[in-house]
Amino acid sequence: MSSPSARVPAPRRRRELVVGGYARLDRDRPRRVGVPEVILAEGKTVDHLLGIVRALASEGSGALISRPSPAQRRALDADPALRGRLRTLAHGRILRLLGPLGGSYRAGTVALVTAGTSDVPLAEEARAVLEGLGVRTVRAYDVGVAGLHRLLAAARRLERRRPELYLAFAGREGALPTVLAGLVRAPVVGIPTSVGYGRGGRGEAALNAMLQSCAPIAVVNIDGAVPAALFAAQRFAR
Amino acid sequence: MSSPSARVPAPRRRRELVVGGYARLDRDRPRRVGVPEVILAEGKTVDHLLGIVRALASEGSGALISRPSPAQRRALDADPALRGRLRTLAHGRILRLLGPLGGSYRAGTVALVTAGTSDVPLAEEARAVLEGLGVRTVRAYDVGVAGLHRLLAAARRLERRRPELYLAFAGREGALPTVLAGLVRAPVVGIPTSVGYGRGGRGEAALNAMLQSCAPIAVVNIDGAVPAALFAAQRFAR
Amino acid sequence: MSSPSARVPAPRRRRELVVGGYARLDRDRPRRVGVPEVILAEGKTVDHLLGIVRALASEGSGALISRPSPAQRRALDADPALRGRLRTLAHGRILRLLGPLGGSYRAGTVALVTAGTSDVPLAEEARAVLEGLGVRTVRAYDVGVAGLHRLLAAARRLERRRPELYLAFAGREGALPTVLAGLVRAPVVGIPTSVGYGRGGRGEAALNAMLQSCAPIAVVNIDGAVPAALFAAQRFAR
Amino acid sequence: MSSPSARVPAPRRRRELVVGGYARLDRDRPRRVGVPEVILAEGKTVDHLLGIVRALASEGSGALISRPSPAQRRALDADPALRGRLRTLAHGRILRLLGPLGGSYRAGTVALVTAGTSDVPLAEEARAVLEGLGVRTVRAYDVGVAGLHRLLAAARRLERRRPELYLAFAGREGALPTVLAGLVRAPVVGIPTSVGYGRGGRGEAALNAMLQSCAPIAVVNIDGAVPAALFAAQRFAR
Amino acid sequence: MSSPSARVPAPRRRRELVVGGYARLDRDRPRRVGVPEVILAEGKTVDHLLGIVRALASEGSGALISRPSPAQRRALDADPALRGRLRTLAHGRILRLLGPLGGSYRAGTVALVTAGTSDVPLAEEARAVLEGLGVRTVRAYDVGVAGLHRLLAAARRLERRRPELYLAFAGREGALPTVLAGLVRAPVVGIPTSVGYGRGGRGEAALNAMLQSCAPIAVVNIDGAVPAALFAAQRFAR
Amino acid sequence: MSSPSARVPAPRRRRELVVGGYARLDRDRPRRVGVPEVILAEGKTVDHLLGIVRALASEGSGALISRPSPAQRRALDADPALRGRLRTLAHGRILRLLGPLGGSYRAGTVALVTAGTSDVPLAEEARAVLEGLGVRTVRAYDVGVAGLHRLLAAARRLERRRPELYLAFAGREGALPTVLAGLVRAPVVGIPTSVGYGRGGRGEAALNAMLQSCAPIAVVNIDGAVPAALFAAQRFAR
Amino acid sequence: MSSPSARVPAPRRRRELVVGGYARLDRDRPRRVGVPEVILAEGKTVDHLLGIVRALASEGSGALISRPSPAQRRALDADPALRGRLRTLAHGRILRLLGPLGGSYRAGTVALVTAGTSDVPLAEEARAVLEGLGVRTVRAYDVGVAGLHRLLAAARRLERRRPELYLAFAGREGALPTVLAGLVRAPVVGIPTSVGYGRGGRGEAALNAMLQSCAPIAVVNIDGAVPAALFAAQRFAR
Amino acid sequence: MSSPSARVPAPRRRRELVVGGYARLDRDRPRRVGVPEVILAEGKTVDHLLGIVRALASEGSGALISRPSPAQRRALDADPALRGRLRTLAHGRILRLLGPLGGSYRAGTVALVTAGTSDVPLAEEARAVLEGLGVRTVRAYDVGVAGLHRLLAAARRLERRRPELYLAFAGREGALPTVLAGLVRAPVVGIPTSVGYGRGGRGEAALNAMLQSCAPIAVVNIDGAVPAALFAAQRFAR
């Protein structure tokens, strides 16, 4: 039998930021695949999150931190090493650690459209990510399909800006991306939002409706504003 | 202890058609609640179905028989007692046993709208029921939301006929009833159809989307064309 | 290639109330489709809800606000611009912003029936909407099917009032609308309620049972008292 | 370490019928727990089923064989060793291998009630089991809740026979056992049947409705006519 | 058309306790079907529950109140009209309003068995109901199948008391009722408990396992200790 | 009340192909939104499909017909009007009606990657669509993550061709798009395939895994090769 | 920007068998991870499967082919290049292409236990794999938990053979692995089988029950006999 | 009829610790099956847990207590009889009652690998169990598949320690165990973690992905760190 470790391919050397025994940040990713570091705060212990953000700050890097809990935000705010380094975006759903995010993005425009008022905070998450990378956004909020004239007017207005991609946010029956995709020329990505109650609530009906769409849209998971923004941004990476 | 059967209330005497030991038809229902007899063939043994239809035919009654299987249809066609008494409707999904259906219905109009071509056979089921009862229908088929101009034109045309109720059939993402309900004045009942594949297929996404609709529509079960038609018809019962 | 915005149809001009960048109220809807403005508070940020209600109040309109959270209610109560303009209905599940709701409704009666005591608050939501529009209601509460004599007595009493539609609220096994539909002459809409525990709890069993009903009932989503009331009201719109 | 097999308790000696390497029939069960041998044919290879039935026949035992497939029935019919030993019951859903079933049962009556005609074959499965053990049955078929007078009449008739248990079969919305349990004095066991289509079809809605029943009924799995009959029979075992 | 209310059968006169417009208690049920009044507190508003209990107390009746919330319990405790009338049972999951429960029950024994320690409070709910009606119980707790010798010893001990029915409580994989039913002579009713985590947790796996049992057991819903006890009690009603 | 049809906005005039009463093809879509006509054969009656294809053929248009059933293919093959006009692609999963598809697409490359051999027919569906529109493809099939060296080699080879988008097909655990997205620079769209058995089979696990991906991928429904190809193609539309 | 392919790590060179453009067999796996080549026939086109097996045969390798369809088996049987090279195992669920499987395994014993007769073919699949690799098996079939004495006797017998691992196959309620794990000393892997009907049927209840087991068992997917056998075999790889 | 208790086999005498009427600890299990006592605190009342731990402490035994709630921990900490006997492990998810755990384990190594930082606390649960029994662990945390080079480096490092089993923890898409199993020689057990949001969140997607793995891994339930550790430990029992 060959020596055991010889069976595993030797990885190419990567830039990596190791934090405690619990985190290894892939510092090479922005350059390699065109996607910046976004740290999902949800699910991490306060100590682990704090350790990661401090490590990034101490090497002078920037980052986006998504969905911090109140306890996590308090700990970050209280940390002297982070003083003045954090900015709150998207109704508190995104924290921006100031500093370079890595990667480089060409000019371009993404359209953000929401079916209802309740979907606005999610669209703002996407906006925080895209504008953080220098990608322009145009927006039309609360233009759902039950009042079609609102959507027709919005689509006309947005098309004039020639966006390269649409991010369409909708909960409930999730019909917006389908109807929008029949009106505009750029590809549409649907983001189901956890809006709705009873059967199919919490975005379940919206997600399935987008997956079943008669129009060729692509989708991300429920409330997946950040993944959708990164998918969009990658198009502009250079 | 009181005598056991004394504890159950004595029912009022009803007209009933008892067939073998296996069926008791509620002959009083059309008059009582304004809904005609529709025999769901699906799930019944061939012998049971044949027995029921023969019993109705021999007392001179008419009936609607929905979703007969090929074996059931062959048995009904081969029965000498039913010769000339059956008519095929809605691509074979409905059989009409000629004769009075019971009940009486005022004049009125129901609009039938489908999102796609695949939904047409279901709309035709509803039409067979409604027109069998003397309720008028107006129709617009294949006017789904991915090509909105088709739907806008159809809604204008149908509204001119002032229908009292819309039955909107849609599979896939099931958005048609929601969009329609934002355009027309009469109430809309959504009928999800078992059109679609993968996650949310077989009408599951469409049903949930209709339940989550931003517009105040009511719904029936997947492929529930006959119940929807009966719900509509009851409005015209007198 | 044609100019991009030329591809989207020009919408007909509509009356619209735009609030911040986050809400566009369809002020034309009551007249167009016969359904008044009902603002679903659930899922909106406190600021967004407050902004919408203030905008309506400042133009002198009335509205129904459904399912406000405690925080939302506190913010609305504390707003000087809304002082004396709000009324609490249906155990606090509906707020009524005083002022015209739009639309016009003919006289008529809807029957409200509940299976249990736990379903009463939902029936009261529907009552608040219907009576707000001038539609009369008759009621029978806690007349579920496990004690049939209660239901028989209630159905007799309600039928004397000749309602044009029944709204039947039931959780648990959700059998009430089915049994009721075999007893009364007007169409029955079932509203599953989030009553029940274990498998099929939170209204899931009731919804499915209503979708599977042997009687031709239509349904709305779990706890969908407001959509059911609006579906009913649309029948009386003129 | 102790000897490995010493760690497992020595079982008491039981009468067992070992067939090939693939089946071990518990010949002691009828006497031990009051439940006869019922062989579920579904899922067994033709060879395995044939081997088991032959082994029982050769030792002179009787048995009930439930849900044989056409291929299994052909193989059993063609076997010379079984000639004249098999009887077909319940529309072919039960085969009776003639001979003693084991166990002994006191006199008593079970009521069998079905909501529709489609549920009759399942009730007949239960009847085959119960009458095979000498338990009397009384029956009322097609007495579902959408036409309540049928059920009231049936309940009165059945109560006169003072059954000790009710088996109530229902598909679709599955309301029969709940309504029945509010009318009769003996305990009710609900058997959901795989009748119905769309959401909640194949007995799913009926099962959940019975689990959510407002009345204290017990249930078995969908189409579980044989387990329900055995549960009932055990009451009469002596 | 006949007069509308004439179409509904006249119910036989029943003893009923009407409370506010929101509750109608079926005072005839204990005598009619052998099941006492149990008021499910869960889901009722505090005011509704208080009104019902007060009405029962004021007519001198007893009752069982299941699963009161802390707020409900505080309101009941604080009510002067109920002082000294309430007793707490089963770790607070049952309140007993002192006074006659109605109905009459013959002597008999039910065995209560739990798989784990976490299932004990539910078994105690059943015990409170049964002993409240004068039905004896024998018990074996924490005798799950992973340590089989505990179960074998318990089954031997319980069988000596010749119970007429077993109630077997189990969460997690829910195997206890199946194994028990292979060891004892009386019928077994399985009560899945909401014990367990991850996939199949909260009693879901246990319920399905009991529905799939190789032994002919009947089941009730997850945590359905009270329905199971009432199903058992009905056997002893006279 | 205004005239009813006046309430619906007048649609802009569109080029439309109306077939029988059952189909309205949106002939304007390729130019309007950059997506060609693809007719989903699945779910349509043979007569309806035949009518649609004949109508397109008679006006000299081309089309893609996806997932024809054997009966549909026989009817199309037997039609004299279609002789020589149809070509079979992607193992018969796509039929190409010869003639212009509409729209115009710039040069560009899409990479098609499959996890297993079973996913190849779906990737070939996407290839038929893309190459039909003049979009180049590069391919790497059977390079799933359980043998990582295959995937690393494939990613290196494909990246040299600088594709603008990756379509990654995977069934079973669906990990391929996630791992691929960590290796390449262009955005990745995941297509779950209906490969797999047991829990999570038929693409269910793969779809959910892609929705949960740690990498910012977008997804389409299970077996959604054609929608994915159209989403990709829209990027190249001009 | 660096050259695109430079961003992907260069894989170490592996032995690979490339077939057509559709398959790449990882010939290095047996040596690398101790798991032989098993080709899952299910889901592959006949041509693809045939191509793969021929390629293996022509290089003189052996293989296990699991779950061939009748059409696939006919094609393999008819191929002259495979004449005499294939052997049928496990009731046709496994084909053995004669020739070396790769890897090397030390002596050892695995116990195979099934709850019922219907589970036997799956256990035989596992046996074919294990014995093909030279791992010994001991077996006890049809020893489910409803007749506990059978299982106790089997466990005693098997423990005497000191197996290093148990594979326990069970459908329906899936309790066997849990009970077994309380009796024996070696680790137990549960394999849920697609045996059962109604709710939780097709192995769903069994899988969840095993995941919820009170005993520390590990599981594989429903009908995952081959993966379970490979997991077991890997223990003996050297 | 034989005497009832004679029908149940007499169990062999076992060492058992009976606590109140609510717990019976199987003190024989460590010796019998090689698995120590782990008390799942979740779901037990505070009193019951306290009683059990006290009983163990008073007989001088040790134990592992998993997932205590804050209330349970406070009660245990406050108990004078337990002073100095408890140690907190794995971020408070495990309490160690000092004293012998029973059983005896040979030397050996298990590898613990996590996909993300959020999975670390679960891996630490497993480590607490394994190291409590004297089994060595090696670890690599936050080495998920979206940055493959981290995983390749970790696998090389861990293989050098020749672990006999891998425990791979992953939430979200759950791909880690599959990819790892293609790289290392020892068997891999996957532990899905309740990390993730939206569809497939809370570990659901990860569990299904592991069940569908192309590699022969075994799995435990979501967050099943303790069962996985015990399954691993049993391998080392002697």
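Order of writing sets the labels: A, B, C, D, E, F, G and H. Residues in every chain begin at 1.
Note that in this section a contact is a pair of C-beta atoms (placed from the backbone, for glycine too) under 8 Å apart; a residue touches a chain by one contact, two chains touch by 3 or more.
Note that the coordinates shown come from a computational prediction; the quantities given were computed from them, not determined experimentally.
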Same or different contact residues where subunit F meets its copy subunit A, judged by the half mark: same
Centroid comparison with subunit C (C-alpha atoms), farthest chain: G
Repeat of interface A-B, chosen from A-F, F-H or C-E - more than half of residue-number contact pairs shared: F-H
Chain centre separation in whole Å, for subunit G relative to subunit A (CA means): 41
Distance between chain centroids, defined by C-alpha means - subunit C, subunit D (Å): 46
Centre distance in Å when subunit A and subunit D are each reduced to the mean of their C-alpha atoms: 56
Distance from subunit H to subunit E - Cα centre to Cα centre, in angstrom: 35
Junction residues of subunit A, two or more chains touched: 7, 9-12, 29, 32-33, 146-149, 152, 171, 181-185, 198-200, 204, 207, 211-213, 215, 221, 224
Sites on subunit F touched by subunit G in the complex: 91, 117-118, 120-121, 139, 141-143, 146-150, 152-153, 155-157, 159-160, 162, 171, 183-185, 195, 197-200
List of subunit D residues in touch with subunit E within their complex: 9, 29, 32-35, 148-149, 152, 181-187, 189, 207, 211-213, 215-221, 224, 226-231, 234-235, 237
Contact set on subunit A toward subunit H in their complex: 4-5, 7-12, 14, 16, 21-24, 26, 29, 42-45, 48, 52, 192, 194, 203-204, 207, 221-224
Contacting residues of subunit G [partner subunit E, same complex]: 115-116, 144-148, 152, 171-175, 178-179, 181-183, 196, 198-201, 204-206, 208-215
